[in-house]
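What follows is a set of structures to go through.
Look for chain A in each of the two complexes below; its partner is chain B in the first and chain C in the second.
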Partner chain A sequence: MSYNSSVNISVEAPIENQIQEITYDGTEIYQPPLTLSESLAKYAQKIDFSKTTEVDIKKEEAEEAKSDADNKDALQSSLWPWDSARNKLRSALQEVCVLADVLAIAKDKRYLILDSVQQEPLETKPMVQIYARKKALQGAANVLLTGAEKLKTSQNEAARNRATLDFHIELLRLRQNWRLKKVSNTIIGDLSYRTAGSKYLQTGTFEVTKAEDEEKPGSPPTSPLPAGSAPSKPASALRVSIPSELQGVAYIEVLCQKDQEDLCSANINLLGSGPPPSNPDMHWQQKLEAAQNVLFCKELFNQLAKEAVQLQAPVPHMVVGNQIMATVLPGIQLIIGLCHSTTGDKKQPNPPPAKSEHDHVLEHSLHQLLREVHHRNTHHPFPHPATGPLGPSKKRMMAGPMAADRYELLEMTKSETLLEQIVKQAQHFIMRMRTEYVLDTIAKEVKDPLISSHWNTLNSPTQSCVKINISTHGYDALCRTPLVIHVGEKSLKCICRDGKVMNMSYEPQELRDLIFCHINQHQILAVQALAKTMGWQALGNSNHLGTGSVEPLGNASSCLLSSPTGDRIIAVRCEPQAGTQVSVAHTPRTDFFPSRLVTEKKWEHLGGQFRDVRLEKMEGRNFLHKMELLMASLTSNS
Partner chain B sequence: MGVTILTQFPTENRTGPQTIDVLSKRISALGASQQGQFLVDCETYTSAPQLGHQRIVHVLHNSEQPATVFSILESGTKTIPLATDGLFDLLMMKMSSFYTSKKQTKAESKGPRFEIGDFCVKLGTVTISSNFKGILVEVEYRPCVVPVMCWDLMKEFLQGFLGLSGPTNPPAYLQNRMQEIYSPLDTVHQYLEHFTMFRKMPGGVGMRP
Partner chain C sequence: MSAHSAPGTAMDSLSAALKCNIIPNQEYLLQGSVLDQYVEVLLHRLRGLCDNVDSGPESFHDHELCFTLRAANTGTPMVLPLRVRRALDVSDAPFQLRYVGQQELGDKSRPTVVRSSIDMACSSTIIDFLTELGCRLDFEYIARGYMFRKGRMKITVSKIFKMGGSKPGEGVEAISQSYLVELSVLAPSGQDAIGEDMRIFAEQLRPLVQLEKIDYKRLGNMAM
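Coming up: the complex of A and B.
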């Protein structure tokens, strides 16, 4: 392939003859071209026979043989040009003849013997060789080592420069995440949330300085310090100085507690427990983040405290020192505290008396609420007219063109403060806890109808929903009582099986009564459903029985069942307190003895006396099972 | 927001405040309670002659929709209603070289506002460039938005306290729109109709308050 692509170059002598003379009028007079023999002679003269080496003797000889024929006719034509060639050839011939003679003599082996000359064997001592090689290798190794050393030191130098010394690179990194500006000779940064929409007045400025004085003087740049350099290096070339009120660690403590036994136990380890020692071993990033968090917590607390003072709550909110106390539900307080510990007290844990659980969820909600406020401050809903004012909500913007009336506009002006929102969330949290507790205890107490509750996974911070199923084990296909309870902020809404809606207050006892009432109703309904499958007839039922002893809570419910032939009647009465009572009546009685009052058997059909069944003595897993057995036995008897 | 019926109440030989008094007493006797005052005003702008064909813009404000400026553009054959927010007033000021207002045509209706159950009753004294012109009674029935469904009820209610001078037919503007959903713009249209009627009235008819 490469042959095909290569270009053929032909080399030939120029056709022009040599210029012999240039006349004055510029005409060139050429030499007459050489004849063939002349040019051959010219080339032959150029051959230098004495320079031939042993290697190319053969080539030379071949050439000589070829040119012999030429020589002969060259001799005849002109002796002169070929004189040197002839002389040389003659001397060569002489040499060859002598050599041939010598060889012929030597071939006879009588007068001359060709003997190989014994060459002096080189004395090779292995040790010397090893030493020599060693030395050579060492030389090479030295070269490599010095090279490596040089590379290493230069690299170390570069690394050290980049990690610590280069203030500007650090500054660049700082600028990527924080706002900085130059004021005369100092660099001032801002860590407040103002650009994110905060309207808090306290400034969060910090100063950036070069930390050259903290550099260790001794550490020669030539010695690389492979391991020791790493731990001493994190002190960066940058130093940020943060105002003392933003130093340390802060967080918002949220707890819900019963009663106000420790009204005055505000946290003592608050601000100003001493000059805050600056923590030089902290990286500036962490330091700034911590300071920013402090600022955020302060803003949050400040906002909450302001609202707590302004709000007209039925039970006034209290702001004592670093604590805000708001009454969530009677007897339950929500305490929001600002904990700000200045640095360097890692050994003494902040809350030694863990009085009640710090509520992380509510704390998180608080943070979220303030962030939402910030977000709303900076993000105005689109589209807004270029000439219109910024700030009003989207709804308010639409109010004009949509011709909203004054009620709607009045509604729009109402907005919930952070404190109100967090109080609502706390209320809901407590309501949920109470509801859970009530349902769990009832499920534990009451075994006969099974009570299962399913909490919806989807809920909001102020609303959740639980579905309750009352069923009897083994008979759940027969009768099931579903209830749905919406847990709100201060109230519960229960949607019953029949679609009735019950609104309840925050008192857990109300829910408890309601569930017990539904358990009784469930039993009565289930017995009737069972009776239907057994062929019995439900004569009547009442969910709220007016007769019998008065119940402290709710009413008794009852039902009356009659056997397929109508000769047996079962009465069931469920009471929230006393439980279930079952009585049986036989009509007519199996044995009839005429008396003076009742003379004939037909009068017995009017109904006889009810006799109590001692349910606890009966066989059966649960109430419905017992009733099934009872009905079965009474049916077969007839 | 509900259906509003606007009707004129004859003053007969009473003065404006007297008529308002009489009506206030009647409506209070029915159990209504006064809930502040109300004001509907209308200003009319005409286009400058160099704009060619003459157009008229009526700009109305209703205190019931305080954030809204209503405007109705009359250009010969078409009327274009518009509901905008408060900036429209500023826009009209900017356009003063194209649309000029005649100060003496500024009409307004203001007076007490009563609430009685689902009804809202407004007794307005109409003045045109501060000359008393008459009395307008506005009744709004809030739970309903389709006029045809509540017209009979409203008629009965109106006749209940206006007596024989209560309307017997729906307002002319609503007659074609009885089946449609009522919007605040319709109220404004009714007011404009009445205001134009008052304006066309010979000046001597209205009594001095």
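Coming up: the complex of A and C.
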């Protein structure tokens, strides 16, 4: 506060007094300004004392002012300016005095008692009241109704404006399903699977912009998900621009095909039969999903191609362009192709139909395998106890305390590649198909013992199981030969009736031979079981008979049965090639002629010559039925 | 011959790993606590923030024994703390032996406490081994709670119990009415960028839990 530096400012009232007179020469003669007391009196006159209550305090102030004025100008005329004020104050004083007196008397309660006055109830007419209320309510209702009407119209207007969808609402919906961020003035989204565990290097960024051109008005608002969107695409206020390499539609084509001389079919990477090519006014949700799928397929194919080059397979895998070729089984190839069609690419609307069908199951498995990899990348096991490091697997954590050696540690680092896994699945697929085929053809070929196969519904992509029952119609309670075949990736494992385990390779002929062998064994066993019920005696049997003509595959099996009295003998021989032979011998022969060698009849009990039975001429539905009839006819009463 | 060369190569590779600085032996740590009645809110928030909580939070129940090895012959008292921890809820999990070094608080610019930490899995005979070695059991406790992960960060919310009975798991008594919250990352030394990530994460838990650099020495003074 330095006074020397500040400038003095004088404040005074403007000299604008009222003009009293203007002389002819134009000079204005002002009224002299009011003195202090005069102006006070002037203001005092303005006080309205009738406005009591609120201005009580002011009155007191005025009173004080008045006393001051009295002291100052005692000798004023009766018409002095404070006269009215004084009169009013005097009357007020009188009233106050009277009130004070009344209160003093009332306080004594001897002469005067203050009592509350009974108020006269107002005479109310109910009808009038009802009318009044009705009117009031009517008024209120009208106010509300008009307000509601106004709100409705404004909302309608807003809705009509929003018919060409609001950009921000669309953006909100986009934000609910996709990752977005703002980079300076643009909105960038990410559709890659990075956050889900993918380590693919290609980025999946897209840009979100406002659709600049005016859309047709009146189209209905889009549903947030395009699943149920009408064929007439509603216009969207939002536009997503996807990098050109992610545009279009892509899928992974998986084929299993037999050896072909032309190793590469040229038209495989041109897509035409897939889903319709994307059009520019596709909904952004579909567009993004398609792009994400393209990215996924690319990652999958990239991974597979990398593995195909690195893997040391006995028959090396081939990667040519958009195709990977891997040998599954001798003569059978698995072809995995990446089919990617860009939007405008419609050069080949109908490519020549592929030789073998696209395998949807294997395609799905491929997708699943990559998703598993993603899942493993993000889901690391938690350490127990909790202070342990994050990351190493439980097995790895145990490696120290369990003193794992170098070999075990190396084993831990190994993991099956996607290609190996899919090749295994393809192998299993082929094996399953072959097994099915063999079983079906045998069931068709062989009518006599019935062959039924039941495939287990529970199986894995690389293992399944089939149960085979060999039985004879009408005699299935008598004898049944069950077999179980485990179908693996490159081999079959058969568990036989007696618990024997047979391992077979991928060649279908081996399975075929095994089944035929079991059919013969079944027949022999069934005949023996039948003989037991008929009272016949099984003298002996052999599953692998060494005598007789040599079979190209497997051995013949046979059995020998004798009648209850022992005078008849039946020999049965089953061969995979020749079928069933039945011979009958009678001992002793019904007629005996002594010869030089055999002089007495008793030697005839040693057994006689066998004579073949022509089964095909016999009565009976099937082999067992015929045998039953044969045994019945040969059983003598004696 | 290969047996002779194997230890040599193992040592070589270990020293090479040390030289390349790929062994995660630094622990970046922030600690805080939350009252029992608000722990549900915290867990809920962590479920929202952390990775892979679709299957629910992972629980743990551990028993920790703290040993010290004192060097008697030297004039200056040298104390080597060693911690053995085992999981009570997972029967086939290994025991964990852990050395936690002196913590460096650093100045204000460093967002987390950094301390050296070496841990290894071992078998159950570690306790006998340490006792034979001359280690003395200082104290033991039981920690039970939940753990979460977010990238490389591990978040544990645990309640500490005093050991009551002779066997772990019986007669336990809670030490306080609150849960211990720890945010930690194990990384090779020199990766200080992770501290910033941790600070940002801790910021998101802010009003519920104040995850801070806790100075134990100061805490000791406060108690006195």
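One rule holds in what follows: the second predicted complex is superposed on the first by the 405 of 638 C-alpha atoms of A that agree within 3 Å, B and C clash if a C-alpha of one lies under 4 Å from a C-alpha of the other, contacts with A are read in each partner's own complex, and residues count from 1 in each chain.
Basically, contacts are C-beta pairs under 8 Å (C-beta built on N, C-alpha and C of every residue); 3 or more make two chains touch, one makes a residue touch a chain.
Note that the structure is a prediction, hence the values are computed from the model and not measured.
*Asks:* In the superposed arrangement, does A:Leu390 touch chain B (first), chain C (second), both or neither?
*Replies:* A:Leu390 sits against chain C, while chain B stays out of touch.
*Asks:* Who contacts more of chain A, chain B or chain C?
*Replies:* C
*Asks:* Per the contact definition in the header, classify A:His380: touching chain B only (first), chain C only (second), both, or neither.
*Replies:* Only chain C; A:His380 stays clear of chain B.
*Asks:* Mind working out whether A:Gly400 is in touch with chain B, chain C, both or neither, as first, second, both or neither?
*Replies:* Both partners.
*Asks:* With the two complexes superposed on chain A, say which partner A:Val183 touches: chain B (first), chain C (second), both, or neither.
*Replies:* A:Val183 sits against neither chain B nor chain C.
*Asks:* Check whether A:Leu409 is in contact with chain B, with chain C, with both or with neither, and answer first, second, both or neither.
*Replies:* After superposing on A, A:Leu409 lies in contact with chain B but is clear of chain C.
*Asks:* Pick out the shared contact residues on chain A: the ones touching chain B in one complex and chain C in the other.
*Replies:* The overlap between the chain B and chain C interfaces on chain A comprises residues 385, 387-388, 397, 399-402, 406.
*Asks:* Where on chain A does chain C make contact in their complex?
*Replies:* Touching chain C: residues 378-380, 382, 384-390, 394, 397-402, 406 of chain A.
*Asks:* Spell out the part of chain B that touches chain A in their complex, as residue ranges.
*Replies:* Contact set of chain B toward chain A: 1, 63-70, 83-87, 183-185.
*Asks:* For the complex, which residues does chain C have touching chain A?
*Replies:* 6, 24, 51-52, 58, 60, 62, 64, 83, 85-87, 89-90, 92-96, 98, 119-123, 143, 145, 147, 149, 152, 154, 156, 158, 186
*Asks:* Help me check something: in the complex, which residues belonging to chain A touch chain B?
*Replies:* Counting only chain A, the residues touching chain B are 385, 387-388, 396-397, 399-406, 409.
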